[in-house]
Each structure stands twice: as C-alpha cells, then as structure tokens.
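Encoded as structure tokens, the structure appears first; notes follow it.
By written order: A, B, C, D, E, F, G and H. Residues from 1 in each chain.
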Amino acid sequence: MTLNVYLSGEIHTDWRVEVVQGCEGLDIAFTGPVTDHAASDDCGVAILGAEADKFWHDRKGAGVNAIRTRHGIENADVVVVRFGEKYKQWNAAFDAGYASALGKPVIVMHMPEHAHALKEVDEAARAVAETPAQVAQILRYVMTGKLPA
Amino acid sequence: MTLNVYLSGEIHTDWRVEVVQGCEGLDIAFTGPVTDHAASDDCGVAILGAEADKFWHDRKGAGVNAIRTRHGIENADVVVVRFGEKYKQWNAAFDAGYASALGKPVIVMHMPEHAHALKEVDEAARAVAETPAQVAQILRYVMTGKLPA
Amino acid sequence: MTLNVYLSGEIHTDWRVEVVQGCEGLDIAFTGPVTDHAASDDCGVAILGAEADKFWHDRKGAGVNAIRTRHGIENADVVVVRFGEKYKQWNAAFDAGYASALGKPVIVMHMPEHAHALKEVDEAARAVAETPAQVAQILRYVMTGKLPA
Amino acid sequence: MTLNVYLSGEIHTDWRVEVVQGCEGLDIAFTGPVTDHAASDDCGVAILGAEADKFWHDRKGAGVNAIRTRHGIENADVVVVRFGEKYKQWNAAFDAGYASALGKPVIVMHMPEHAHALKEVDEAARAVAETPAQVAQILRYVMTGKLPA
Amino acid sequence: MTLNVYLSGEIHTDWRVEVVQGCEGLDIAFTGPVTDHAASDDCGVAILGAEADKFWHDRKGAGVNAIRTRHGIENADVVVVRFGEKYKQWNAAFDAGYASALGKPVIVMHMPEHAHALKEVDEAARAVAETPAQVAQILRYVMTGKLPA
Amino acid sequence: MTLNVYLSGEIHTDWRVEVVQGCEGLDIAFTGPVTDHAASDDCGVAILGAEADKFWHDRKGAGVNAIRTRHGIENADVVVVRFGEKYKQWNAAFDAGYASALGKPVIVMHMPEHAHALKEVDEAARAVAETPAQVAQILRYVMTGKLPA
Amino acid sequence: MTLNVYLSGEIHTDWRVEVVQGCEGLDIAFTGPVTDHAASDDCGVAILGAEADKFWHDRKGAGVNAIRTRHGIENADVVVVRFGEKYKQWNAAFDAGYASALGKPVIVMHMPEHAHALKEVDEAARAVAETPAQVAQILRYVMTGKLPA
Amino acid sequence: MTLNVYLSGEIHTDWRVEVVQGCEGLDIAFTGPVTDHAASDDCGVAILGAEADKFWHDRKGAGVNAIRTRHGIENADVVVVRFGEKYKQWNAAFDAGYASALGKPVIVMHMPEHAHALKEVDEAARAVAETPAQVAQILRYVMTGKLPA
C-alpha cells in the first residue's frame, strides 16, 4: 500500500529532496505545495486577471494554491511540517493545525531554538525531528519496521 | 495520483470539452451530469414507467440523475460549477452548495454581469473564473505548479 | 425540545412573518439571513473598509453574511428555502444544496411554474410547499402530530 | 441562542477585553486560552511534576493547555484569531488551521503589514479585521443584522 | 443530563405508555413517530394537496413524517425499536438500521418467535427485550445504576 | 472509475444474476451478502463452536455475516435493496436504513402490492423499481447517460 | 458552560470521590460507569433473563452497560481513565482507545510502575497523572486558569 | 476488492503467520504493528535522540509507532485483536477501543479464561475466536461465503 506523505512548510532549502532521497526504495507518494515562490505568489492574477490591490492579488493566489494544498493534506497518510530559519511561516503552522484537526499524524521538523515557540505544534505531533534524515528514517521505520543501522 | 474533477452546471455549450482539451496530458478524470437534455429529463419515466403528473415525472428523473450527480460530487477532488447565460440554473447553485458543505474546493465560472447575484457562491469558492481556459490553467497549475506562458 | 428552523431565501415579501405567526404556540426558534437588503449588501465594507472594486465589495459582505447563514443552517433541525418570483436567487439554491449535504431535512417553497426548473432541489427535499401556511402546518404536524382542521 | 466565540492568539494586549466590551448586550459566551503567560508556560510541571529537560517541561504544559484550547475551539460557533506585533505566534496560526479544518468560521485580526505573510490564513477566513472594534461590529451584525451607525 | 430516548416501531398497542410510566422519576425525554395512524398516512396530502396516485399520496406523507422521525432518531441518545405481532413493520427495521449506522445504542423489543427473523437486527442491538417493563428497567439501570428489586 | 454496487435483500430468486447480466460491459463491481442460506445461518457455530441456545446460535452467525454485509454497504456507491414475496425480510429494511443514514443512494425493488408498507423505505430511496431489468437500466444510465432503446 | 467529564476505569477505590471533591465549586458534570460491581456484572440477566452459559451472561450485561458507558464517553468533553493496582483492566484501556478515536482529550492516571506497559495509552493522552488530586488540579486549571497554590 | 486486515495485539507467538497462511489464496492485505520488540521499544530514541528519562524514552517511541498503528487501523476493513497469555496488553485493548469507535468490525481472539475480563471488549466485537485458524476461517467465509469443510 502506497503511503501518501505531504511535505508542508519551508520552501527555500532542498529539504524535500533530502527526505525523498532518504526514502528511496519505499512505496511513498510525496506531495506538497508549489515550491516556485514567484509562481506561488502570482498564480491567482496570472490566470484570473490582475488586481490593483495587493491584498486581493494575494487572496486570488492563496485561493488557487489552497486547492492544491488542501487536497494534498486531506489525502495524506502522514503530514510533515518543516519550520525553517527565516520568515513568519504562519502557513506551515496553519497546515499543522489543519492536519491535526483532520486526525492526520504530523511530524514536525525544526531547529531546537524554535522549540519553545512551537510547543503547541510539537505537542500535537507524533514526532519532532530536526533533520530531513530523521524524517526519512521515521518513514522507513513506519513502513518496514527497520531502524537505521 | 489521478485528480477527480466534477464539471457541474450549464449543459448547452461545449465548455466541458474546452476544459478537458485544456487539460490534455494531465492525469485528471472528469465526471459530470448527463448532458443529453432530453435523456436527463425523461430518464425516470423511460425506465420506471410513465407518470400522469409532470411534477412526479420530474421527480422520478431527478432521483435517477441524483444517483449520478451526487456520486460524482462526493468522489470529486475539485468541483467546477459553470453558470451560463440563460435559464435559472438552480441546480448549478445547488451543486455548489452541496460541494461546499462537503468541504470540496469549488471553482465557479460565470460572466462578470452575474457577479453580484452570485456573490454568496463566489465567496464559497476557491477561484472565480470566466472562461474554460482559465479553469484548465488552474487545474494545470494545481497539478504541475506551472503557470501559463 | 426546541426545534431550530432556518428560513432561507427570498427577502422581499413577508413570508417569514407568516410562517412564524402560523407556528404560534410551538416551541420553535426561527433563524435566517439578515433581511435588510442594504445592510446585507454593504456589511463588509461598512465594517471592514471600502473597496474600489465592486467584486471585492461584494466578497467582503458575503464573507460576513456567511458567518451568520452557515451558523444558522448548521444549527438548524429543519431548513425552509423559499424561491420567490423575481431574481436569480442562486443563494437560495446554494443554501438548499448546503443543507442537503449536511443531511438537514429541507422544505422547499415555490410557485408551481418553477417546478421544472427546481426539480433537482425538490427531489432533495422532504416536502415541497407553495405557501407559508403550508410550511407552518408541516412544522405544527411535525411537532404535535396534529393536522390542520 | 447563545453564540460561542473563541478568542485565539496574542495574549499581551487587552484586545479580548475590547471585543467583549464592544459586544455588550449580546448573548455571546467568550472563551479563550489561559492568558496568564507564566501559568500557561508552567501548568504542566506545576501540577504533574518537574522536568529536567525544558522540551518536556513545555510538552507537559502544552498538553494541559490543549485540553482547554481544543475544547474551546471545538465548541465555538466563531473563532477569532489575533496576530499581534511580536513573537512567532505559531500557535495562533495553528488554531486558525485547526478551526478551518473543523469548518468553523474564522475571523482573523492583524495589522496590514502582516497581510502578505498571512495570506493563506486570511484566505481561509470569512473576515479579515484590523481592530477589536471591527470584530465586535461583525459579531453584532451577525447576531442582530445591525450595522454600526 | 436529560436522556433522549426515541421509541420507534409498532403503533397499535400502548407499549410507549408502559415504557414512559416505567421510567417515572427519571430525567428522560421521550420522542417517537406520530402514532395517530390516519394522520400519519394522510399528512402529506392533507397539507400539501391531494394526489391521484396512491403511490405519491404515500410519498408525500412519508416525506413529512421523515422530518419528525429522522430528527427524533438523530437527536436520540438511545433508540428503542419495537416489533409487534402484525404487519410487515419494515419501517421499524429501517429505523433500527438507520440508528445503527449513526452509532446510536439500540434496544430491540420483540416476541421470542420473531428472534430468528430479527437476528441481524438483534445483533446490531445492545439489548434485546421482550416487554416494555424490561426496556424501562434497562433505562433506569443506565441512568441510576439500580437493578429492579 | 469502477462503480461499487451492493445488492441487498431477498436471496431465494436469481435477481442478482439478472441485474449483473443486465449490466454486462459496465465497469461495476457487485457485492452482496452470502446467498447460501444454510451457510449464512450456520457460519457462526460452524467456525466458532456450537451453541445450545438457538438465540446465541443465530447471534454468532449474524455477527460473522455482519462483517461482510457492513463492509459491502460501507464501500458501496449504490445500494440496491430487493424485497421479495415471502418472509419478513427485516434485514433488507435494516440494510436500507443503514445505507440511508450513511448517505448512500438507495434503489429499492419490490412488487406494487408492497408499496404502502414500504412507503418510508421508498421515500428514502432515489428510485423505486419493480424488476431487475429496471435496476440494470438505471445503473447503465447512471454510468453512460444512455436510456434503454 | 458546564464541562462534562467521564471518569473511566478502576472501580475498587474511591478515586472518583476524590476527583469530585477536588473540583468543588467548578461547573463540572461527572459521569462514569456503574461502580456497583455486582450490579454491573449481573444487570443483563437480572433484567433480560438468566443465561446458562457464563459467556452469554457476561455478554448481556456488557451490552446493557455499554449503553451507559458509550453515552458517557461520547458526551464527555474530557475523559479520565484510571488504571489501578489490580486486575487486567482491559475495559479501561478500551475506553481510552475509544475516547482517543473520537478525538476526546484523555487524562490517564496510573502508578509509575505501569508506565512502560501503558506507553501507548499515555502517548494518546493530553496528560498523565498519578493522583486524583492532580486530575482535579488539571480540571481546575482548564476551567479557571488557576494553578494550585 | 482487496480486504485490508489489521492484526493487532500480542507479538510473542507466530499467530500472525498462522492467520496469513490460513488465508492463502484470498485477496487480503495484512498489516500490523512492528513485531520486533526491541525496535518497537527503541525506535523513538534511535532516530530522534536519546532521553535521560525512561518515561520520555517510551513516549518518543510510542509516538513513532502510533504513526504506523493508527494508519493501519484507520485503513483496515477488519481489525483482529489477539490477547495472549502474558503481560498487561493494554495496547491491544486500546486498539480494540480505537477500532470500535471508528466503526471497524473487530474480531477478538483470546483463551476462554480471559472471557470475563474481556467481556466489554468481546461485546464490541463481531466475533470472538480462540485460534488463528478460526480467524482465518472467518475471513475466508467473509470473502468467499465458504465454510470450512
């Protein structure tokens, strides 16, 4: 049975690639948000027409992106949420809350210095990791019962 | 992963064909109501026996059609609802409400002159488009992250 | 046990008053949309600030109104949807679809000449009435088991 | 019918008091997280015993607080989420996501400068306000149909 | 906390009165279908207009009655279904199936000679009783922990 | 997309074969209860050990059969329930109620003389048929939009 | 708003009394299983008739008790599960699993020596306490935000 | 259609192998917990880092294991729970409760001497077996309608 894993959060490093590579050989289908930052920001107006007001420019794009992200989360067996070093990343926390309310098992990934600020998110998670390698090891263990050597 | 898209609403133009063609190459399974107007109106009595009263003639047909339309909407990942230029199209709005209550992402398509009358429907939607090409572009972006050139 | 009844749809005649009066003495709590048309149209911008674009003016208002209407429908035991003689009334059909998907019993009220156009909505309803008096009689029967004399 | 409103997010200003005062005379029951910052941080260890490791100190407290916050959100008719000027406020975004997934109408409140970073959260909301007064006006309109003079 | 108990099934004997009397002093709110057989059969046409065809005469009435019965079952904490000595009583079995699918605890009441024919219904029930007194004793035990002397 | 159709009810005629043959060429997966009457009655004790008391003999079998029937209904897109000419057939009505509460579209099949006794079941159905051929025609129309010639 | 708290598990000590006393002054409605061991064991046969086989004697009682326990858990805002020093207490663990699957916040109470055996149950809980006083302190904090002095 | 069967509970005998072998030739996908006891106990710390406190060592592992076990149960069509001769086995009872609350059909397997202690668990089950062969026979009957020779 294929495991559907949604990779939410930070889009400025290649952590998704690391997770995917670490899961080589496993029957996992990975999904996630559009990681092309410019396309993600402008998809609404690029397709549906320009907006004079930045607020509605953003709204249009957020609506289109939500079709993809909600679909990904709702069809996921596991949701991984990565908090990076920069930016507010409220959408990552939003996704974690959304996934939790749906009863999806959540794996949170962040640096130790964010632990206090993320304590509510961590509490709602099944596992709190620091590195993509750890996430991959968890997924491998979940699917095969094998621990890293 | 195949995306299931239900195309609800107006059945007098070929907009469904345009959407489907615009999505060529994408792994999308399109469903929708029966678009043969006469068959749709008469399916109940044609199969289950004539009715003297037009109201029950309609009821029988609506029951049979509902098996198809509800199944389509409930199994859809995305519901597109098109409001055309003519008729009351209450079934389109009904489908939009039905899909919204199920938490399905809805894309509404209509001419600008209907915007005020459709404001409650638009508010419940993730995207409001005017043309089949825009709908196809949204679906392509949702699946591939690529914007139209 | 109080019965919660949501009265959706047409806001230009006093049908809600007739239903309420016809239910005198019954333990029913009636809710419904804001029926002050101007307030309903402008609530978004009046509270949250003006919009240059009519589309977003409408969106803001529709969002605020949706807080009330969704809450009313989701807490209703019975949803009555009235289609009047004028306008597109897509929000009425939207509400009927929304209520149906939630499994709420729906009573539709409309003139016979709309029966064909409303056949999908009628099929989803438990009862199709023409007058407020009939709606009140249904509610009285549902609560007391008594038929009109 | 009492409206249950959960006031989530920032706990360092008195915005909750302003919302409550602005809703004077309305039948609203307000709930929210514990706003005593020290108690909120230490409730786990204060009741269940000290932890040597700060991570588990936080976990214990987050678990206890979650009993209150989840209960509040799950029983709310409307969830208001305030993003303040400082801190990461990931728990506010988490609550917004959680409430959205449950289908609760969300009102977001934040300064305009956070609009781009909060675009996904705003898109999931029924209304985006800047001030407690606006939140109170929305709640008053939702309950009474009256706009501010 | 009031216990809501729906008394479904046979309407030709006074078993409901016996259950209610046997529960004297307990905080139980009993609901059930309309037990006036004639009113129940004719409510649809009496309120909404005559039908030439008996099938649609019945349909109209069944729709109106369903508003009451579904509401009663969906709001019940316990559903009691009585199968009497006569008639097909398919609506009783339908109610038992409906309640079971909603996860409601079901108490079935019937004579021993119907046990084999009702084995699927009995298997879905928490208790199988033969008399109204037993049903009342179960409800009293459930609420007070006291067994009959 | 394969349509899953559960064929519930009467097991003494070959109506299931007729439906299946009438749907030749359609992508439908049919399921249903065990139709070997003796096996169905005795499966519990045959596998899990004899019972002295017929009531518990039946209970054991009903439990084992319920694993199959519930699974079939819960995974069905359409549930067909046939009432035959003989026996009480309470399990058929139970299945109809169970399927209705799950929101499954139900097609009921029975002779006209049972119409009054089945009026509540019929009201909950999308279509009321008399013959296996009609059921097959409905399924063919639902899947292809084609009416019988 | 009254908080509904279900006290599951061990019935041989007076821990429920201690929790209730520790919550004096709080608006909490406590529920729980029947704690009269003999009545709990015999309720099925005492009301519904004797059984020759102990297995079915137990089954009848468990069915009747389940009406109470399931109702209590499903209506609870918080479920407390106490594991005592003796017996297998599988029903306590069953209740914890049942409550977890419903998304209820669970507070587990047990001695430290059971921690390893209960690790899966503890992981599903929001809080792990050792004493009734701690449970009462958690409930007081959840409702008032006040920590023990 | 493949039947998904989750095999929960005791991990010290080869009962899972016996069930799987007894189901040879059937289209069943079996899942279950990690049965390597050491890996199961240590998976949390092996991947996510050591813990000084045994309680949190266990918690980390239980969180990781829960990703697998919950996923397995939530995707199962049938859940089999085996209680062995030794240990507390509270996680088995927890799984039975969890599966029951999700409406999954549960088959319990245990020795007769545990029947009284497991009466609440048995009551929630569709079948109570003593041997892996019986479980396999039930699954074979459910899928094929054939009883053991």
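In the analysis below, a residue touches a chain if its C-beta (ideal position, glycine included) is under 8 Å from a C-beta of that chain, and two chains touch if they have at least 3 such contacts.
Owing to the predicted nature of the structure, the values given are computational and were not obtained by experimental measurement.
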item: Identity of the chain that, by mean CA position, is farthest from chain E; value: A
item: Which of A-H and G-H has more C-beta pairs touching across its chains; value: G-H
item: Computed distance of Cα centres, chain H from chain C, in Å; value: 49
item: Inter-centroid spacing, chain E versus chain D (mean Cα positions, whole Å); value: 43
item: Centre distance in Å when chain C and chain E are each reduced to the mean of their C-alpha atoms; value: 31
item: Two or more partner chains touched - positions in chain A; value: 63, 66, 103
item: List of chain B residues in touch with chain A within their complex; value: 1, 3, 77-78, 103, 105, 107, 125-129, 134, 137-138, 141-143, 145-148
item: Chain A to chain D touching residues, read off their complex; value: 54-55, 58-59, 61-63, 65-66, 69, 83, 87-102, 114-124
item: Partner chain D, residues of chain C touching it in the complex; value: 4, 29, 31, 34-36, 39, 42-44, 46-48, 60, 63-64, 66-68, 70-71, 74-75
item: Chain A to chain C touching residues, read off their complex; value: 51-53, 56
